[in-house]
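As written, the chain order gives the labels A, B and C, with residue 1 at the start of each chain.
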């Protein structure tokens, strides 16, 4: 890299990092509470993960190992771009292995492998306000959070049951954090909600366009909202992963041909690869060549 | 013991819409009604009979004087009572058969009649049963019982009014021309009902233009012209 | 009748800058009592209602309310959280325009059930059952429970608003021209419904109206307002049949006879 085009470490200037770190500390101190922050212009447009990138940029250090996934995969365009971005501006080591990462930035999924102490999961969040589509006024939603008035959230769930016979929300399923704040877990499938509960890792959420940061500290109670007679349930897949045979994991549908052929494979590419390396082969999988 | 005692009652109307002209109505009204008797207010039209009755019911305000009623064993002055007390008096102690029925949309004649019992806590079905008995006695056709009285004839409305006034056991009952629109048969029914009330110890105060009925029910006649306001010299 | 009033208003005054909204209003309200506030436009009746219901903060004066635990509190000294809770559970407010008191994009059942959910009811079946019961009481067909109020007529919306307000068993209901803007036949039905519910549930209510017939039908007592002040008050039939003040006499005489 020549002397002219030099980035500050992790792109953001130090004052900005301070501001964001303060917001993060406040967010950790009040689990689930949306902390406003001054969102900066980033080298990608709003809607492409600027919130998550700003959080990562503020916490990353030269010794960190970064993993970036998008819908569970390390090899999609956005994941690749963001990983390359941090490699360039922070010169950190990057990885696709969940177990090796210290920071995992994710869009819309939580890794299947349980995270450990010392790991940080950074979520990209589009709309941080869980009540937004029921109550458009920001003044009202802030009051509702401040006064713990969450009846409206249950109205949404009631409407689902009345209309569809069951709670139809399958992603961005609202949760109650530490018994106090109702939070939007970002558009992760509800399948992932239980992973948020009592996780050993620190979970940070960044919404760049909406200027909000929130957090779930390690070992925090995270409960999905439901009714007594319509309890929260996660998605159920009928078949295991076609490649690695994994069960109890979130699967993507992959179209194979133009004659309706499809297969269900792990959304979490790293997890799938690890399993195949360990010898688990699914119905459509191939034995990995021995290293 | 007197059930109702009217003392030095006075009333004027000030008609602000007619340049504030003051119309004196009555002055120095004094009379008593005892349990079991029917006192009739007599005198020509415009002498203030209806106004006196309305003052006794609390419907008209009073300029001076007192209206003392025995209410649950305690003497209460209705002339100075606050609205809540007046409502309690009307609920428990003093009933009123007015000249005109003010109809409420959608409430059936049966429920109109039953209402004074229902607000006293009587079971609705029982109250309606009593209402039916009274309406039947007053010869109101049964097909009208479930209809709101707004479309009834004058006589039919009158009978609903009477039933409503007679259904409770209030110790004081006010009657404003209760037989005005009734035929001979029903007049006789009302006369009989008044006699029964007297026998029950109810104190009745009424206005009857119908001389025939008046003669049968009145124990005393109080001539209201005695209470005519003095014209200022 | 209970021994203690439910509401005690002392010298309530509201100025909008230098313009008078309402001044020196004093009265008490007992459980089960309906008070009508009548007056023409600009009389201050809506200002008074909004001040009483803590929608507006008055310039001076107190409104003491007897809470469910028996304690007397000045509603203007409650914290916002306490006040909002009160408004959601122990009070109701029926707006003149039902759309102001409903969530138009949410089903009728959810509209009625919202207050229950807001106070912690977490059983879908129970919430729905309660909503159905209330729809029945306000004469809305049960099969409309999943329809949005956008598809309801004005009268139906108003009845839904009433159900939504009454589901938590409030002790005091404020009503701002509850029949304003409705067709006459619809008004009659609504008034009868209100009359019945108020009686059945023993509600205390403060009803603002310019329509004396509504006052006569619904209220036990009435306050007549003019230019921000209460010029006459008392038993409803007394004030309407034997009006003392010039303005009251004018109001009463102005009613068109049908």
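Operating definition for what follows: contacts are C-beta pairs under 8 Å (C-beta built on N, C-alpha and C of every residue); 3 or more make two chains touch, one makes a residue touch a chain.
Note that this is a predicted model, so its numbers are computed, not measured.
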Most distant chain from subunit C, judged by the mean position of its C-alpha atoms: A
Closest chain to the overall C-alpha centroid, by per-chain C-alpha centroid: which is it? C
Please report how many Å separate the Cα centroid of subunit B from that of subunit C, as a whole number. 32
Would you kindly tell me how far, in whole Å, the mean C-alpha position of subunit C lies from that of subunit A? 47
Whole-Å gap between the CA centroids of subunit A and subunit B: 78
What part of subunit C is in contact with subunit A in the complex they form? 80-81, 84, 103, 106-107, 109-110, 113-115, 117-119, 122-125, 127-128, 145-146
Under the touch definition given earlier, write down the residues of subunit C that touch subunit B in their complex. 1, 30, 33, 188-189, 191-192, 195, 199, 216-217, 220-221, 234-235, 237-238, 241-242, 244-246, 249-250, 253
With touch defined as at the start, can you tell me which subunit A residues reach subunit C in the complex? 134, 143, 147, 149-152, 154-155, 158-159, 161-163, 226-230
Quick check: in the complex, which residue numbers of subunit B touch subunit C? 13-17, 54, 58-61, 83-84, 86-88, 102, 104-107, 119
